């Protein structure tokens, strides 16, 4: 329902936040009458677009690196950056599966595959690699890792049974029926998983500021938590 | 279509619009390039040929980035177009048209070129002896004879445009109602838990639309063929 | 009204080196398969760029490799009947026929006459794909004729047609030749066609001109005839119509007297060309009586040319005209044929009819 | 050796309904452009599936729409010379020529003779793209002949060739006809070709057979001749060689006596077919003297058929043979030609020569 | 090539291998399908036609998912192949070949089909009268005459295979040395800030290889054309 005087705010957001962000944006729209348009994509793509002058008012990244890059490129409104969300990294297995000890992973895998996001490029993959390194498992499992261009694709490999195990975000694993979460990595094993949010240096930042502060409100944050996200930097 | 949300409907309509314009706009250019490649003997012909094939060789994301770098607000061509004509590709549906056109271009050109190369030059000679200038020969002899190639190129381009994703999302992002095409919407659904059902629905719509176009083109091509071969 | 062609061209393995000039009318290109006829026609049309050459039609230069002048094909205003029909497969017969009109904007050509002449009326909506060979050739012929050309190029235009159709078309080409200023370059393997139509004959062999000149001279020169590769020499006589008799015969006056031929078109007084093949002429020492042949002309032997081991060609003078007779050597000996001798030439009226402009050929 | 064809087929706007049977040899299909000749040939080849029909060759059924039998084209062992050459553009001339041999594994065909006959020696490495029209047709002819066919289909195979080349090829086809058991279906517009080659003539008009029968009968039936659309009736006589004279003439015995013709191939005693065109025969009431014509046969008038307002065809009996003479109505009146009358038929040796198997045609 | 790391070299070599085999393996199948589509008159022809075009219409990720569902270890075809022949696509370079083949298939088939439709059936008839069976006609007449289409189809398939990314990574993931093709490597580099330089290097290699293949194909096609048109 577009009211007179209604304005539009455009958000460029990491694709993995879609379910949650869509719900929350809808609620805000109903409350305020303003319109939220959200363009979901990979963080790298979004950052580059923001840098190239995309009509984005807000940028929600799944990676601090790309938020850094956007900031360094002068695309963000100074001081508007804020770590909005966090997430947990888990090991999933195909079908109904008992919990495992991550340390047993190499034995459980044998010659089969461990699905992960690209370990040098996709945030979930990067965090996963850090965690496995911290556990001293990386050199054992590295040859077995099947990397995908996004976490959902990794999850799909497990869901289809192609790979018996995968490392994904908790938010992705939660509602899938064909996979079960068999282990949760300790937050300490990897750099904190954060989804930084910032207002983009694009004409009319006022509404963006308004939506940003809405997102940061305690109510909304708890809604995010209900949907599987954790608080940012909940880790030390 | 009450089982389609307004956003999804937007995506379907946008994809249709983008594919239509991508096909229509690249038709004359594709035809000209196909003609140059099939018949021209000029320096730089192989360069042009390579350029045309580039979007096929490159991962779509790369093509998307190159488009962003070139036709974006800050890109050389993009800035020129905006300054001179106020025309913007980046993050507009027109940009999606451009991305789809570029991606479909090699397919279209190749189909047309094959047809042009199959035209018997003796018929064109005959037209010349009857007083037809080059342009008229092209319009009255070559063009009708390559109709099968044009139909094939058109349908290939349309289908490709309906399915194009990587370059489009990279170049114009995925803004609902503005640049979110069907494949972009499918992508977004696939990125979240439980989105498969919605993605599937959209995929089915894409398939139905494209296959309808395909069947129409087949009918058209058959009729053209019949006209040429007799009766 | 003139046509002048000079060209040299080197195909891999075949050199073409041709020069001829004609005063217009219909120039017949004659020669064996592969002699270079189509090559010459293509060069005149502008479809072949010869290594060097010059082509002039009615004083206008179409091509001159020395000056670099080269009129584009579509500006040459030619009507080219190709050896293969080359019809536009996507157009109907009617559209094919009108293509030239459409391109040149020539609206003044009457298509009804030509469509009728070529018997194309029932084919107008068809497309070329399913036409028979002869139908295709007729459409090609019509298409060239209807483009209002300033130069007609015809490469074996009647090869696929039956005798009766040919017999209808030949007089039309004759009229074109005589009534318009359009020069015609005509390739044919048929002596009778050439004999009936040609103003000038150019004989090609192996890419070179072996003999060229006015048709009446070339075709009645007994020494030239074998070189032409023609199996049938003959004389071409000019005359005019004197009377149309009631019994279906027409009387034609020629220099040596009058000939009776089957009824011809043409009003009394009209000029007419007759061809008498050497093979159709008998010689007699005395004027024969009680014979079915109606034409008996007193003639004088000019030359005797031994053509083969069994036959000779006798060149006879009949008035101011030359007549050829082909007789066996045995008859030549028996009649003691020698230059200066007075003889009678006997020709059936039907033999003349067969080769004149009305009923033609075989 | 036999060929039997029955077929009906409906094209949009043109019905074909043909039946004929021949005892083999060479069957000439004759008829105007669009009469249905190529259609018949295609049906025999199996390239056209007629609505209904039956085709038998030498007792073998190739097609019978009643029983559903339909031998696939490639098993029919036909050699088809198409009206258009249809050469394989990607193969050299040599490969085109050898294609049939290669496919059927027939190794026993001597290609040197045919390559020589058709003058293709210097073209063997070329590809069809740049061949001249006549060259193309010769390759097509060679390709069909070299495939060792059990049935030869020839659709105007000589239309694009010059007279001298034709004169070389015709005797070859005659030998094929006489020495092999291969039936030949031959489409031609040239009466002289048909006259020389045909064992049987089938005339088509508008998709129907208007007349069919042995060549000697059909072509000497004065009532049939106009229906055939032939401008030149004529008689075909069988005889045998008696003597080759020193002066280049050969003596041929026929039922009515002997004829002198220019030297023919064939040893003494060999049978030979001669054709005498009606137009080449003069009639005399008395045996003429001092005439160049060497052949004077006593004949009896059988019928007189008024052919047109100016001409008649006279059917004459000479021994057991029939001879036709075409004379003007005026001569017929003057000679008072009537059935039973005794006359002399006068024929130049060259007129016969022109139509016999050695020197052919025009 | 000391400026290429071992992993990158692996990716280049793998991409070459995948593209080569994708092209080679889809050639006969593509030819057969093109022939069926051009000449066949059977029920289900339009179904086959639609199926062939599907990879063009679908976003590549979707194609990748469908491949995974069908040819994966637990997919119906994948399981059958493994049980019957011990043949596995998943996570093998062979899977990358399959993905690339499927994605390139519509392009290849269309090019070949256009050429087949342009062949004059009268020449095939002539071959039949000379005793050639259907198979021989195809081998000795049709095949040589459609050479331009085959060359075009081949080069399109090769180029597409070189650039294919979405379906491949979804189907067989990215395992360095096993399934990491050039586009996957490029994608990975593009996902990290500052990775553009390395990505560019790989893209240049991809372009050079593909254009070399393209130019070779052009030369080949021209020679074929010359053979047919004369001399």
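Quick notes on this one:
When the chains are written out, they are named A, B, C, D and E in that same order, and each has its own residue count from 1.
One rule holds in what follows: contacts are C-beta pairs under 8 Å (C-beta built on N, C-alpha and C of every residue); 3 or more make two chains touch, one makes a residue touch a chain.
Just so it is clear, the model here is predicted, and its values are computed rather than measured.
Chains that touch both subunit A and subunit D are the following: E.
Among the remaining chains, the Cα-based centre furthest from that of subunit B is the centre of D.
The greatest centre-to-centre distance from subunit E, using averaged C-alpha positions, is reached by C.
The busiest chain interface, judged by C-beta pairs in contact, is C-D.
Distance between chain centres (mean CA atoms), subunit D to subunit E: 57 Å. Put simply, the C-alpha centre of subunit C and that of subunit E have 60 angstrom between them.
Distance between subunit A and subunit E, defined via averaged C-alpha coordinates, is recorded as 35 Å. Rounded to a whole number, the gap between the C-alpha centres of subunit B and subunit E is 20 angstrom. Residues of subunit E in contact with at least two other chains: 61, 65, 165-166, 187, 190, 231. Among the residues of subunit D, those touching two or more other chains are numbered 84, 130. Pairwise, the chains that touch each other are A-B, A-E, B-C, B-E, C-D, D-E.
Against subunit D, the residues of subunit C that register as touching in their complex are 11, 13, 31-34, 37-38, 83-84, 119, 122, 130, 132-135, 137-138, 155-156, 159-165, 167, 189, 191-192, 229-232, 245, 247-249, 260, 262-263, 279-280, 282-286, 288-294, 308-311, 325-335, 346, 348-351, 353-354, 359-362. Those residues of subunit E that touch subunit B in the shared complex are 46, 49-50, 53-62, 65, 106-107, 110-111, 113-115, 117-118, 148-149, 152, 155-156, 159-160, 162-166, 183, 186-187, 190, 199, 203, 206-207, 210-211, 214-215, 218, 225. If you check the complex, the residues on subunit E that touch subunit A are 61, 64-65, 68-69, 72-75, 90-91, 165-166, 169-170, 172-175, 179, 184, 187-195. Touching subunit E in their complex are the following residues of subunit A: 42-44, 47, 65-66, 68-69, 113, 115, 118, 120-122, 145-149, 153-154, 156-157, 160-163. Touching subunit B in their complex are the following residues of subunit C: 45-47, 72-80, 82, 84, 86-91, 99-100, 103-104, 126-127, 129-130, 143-144, 147, 153.
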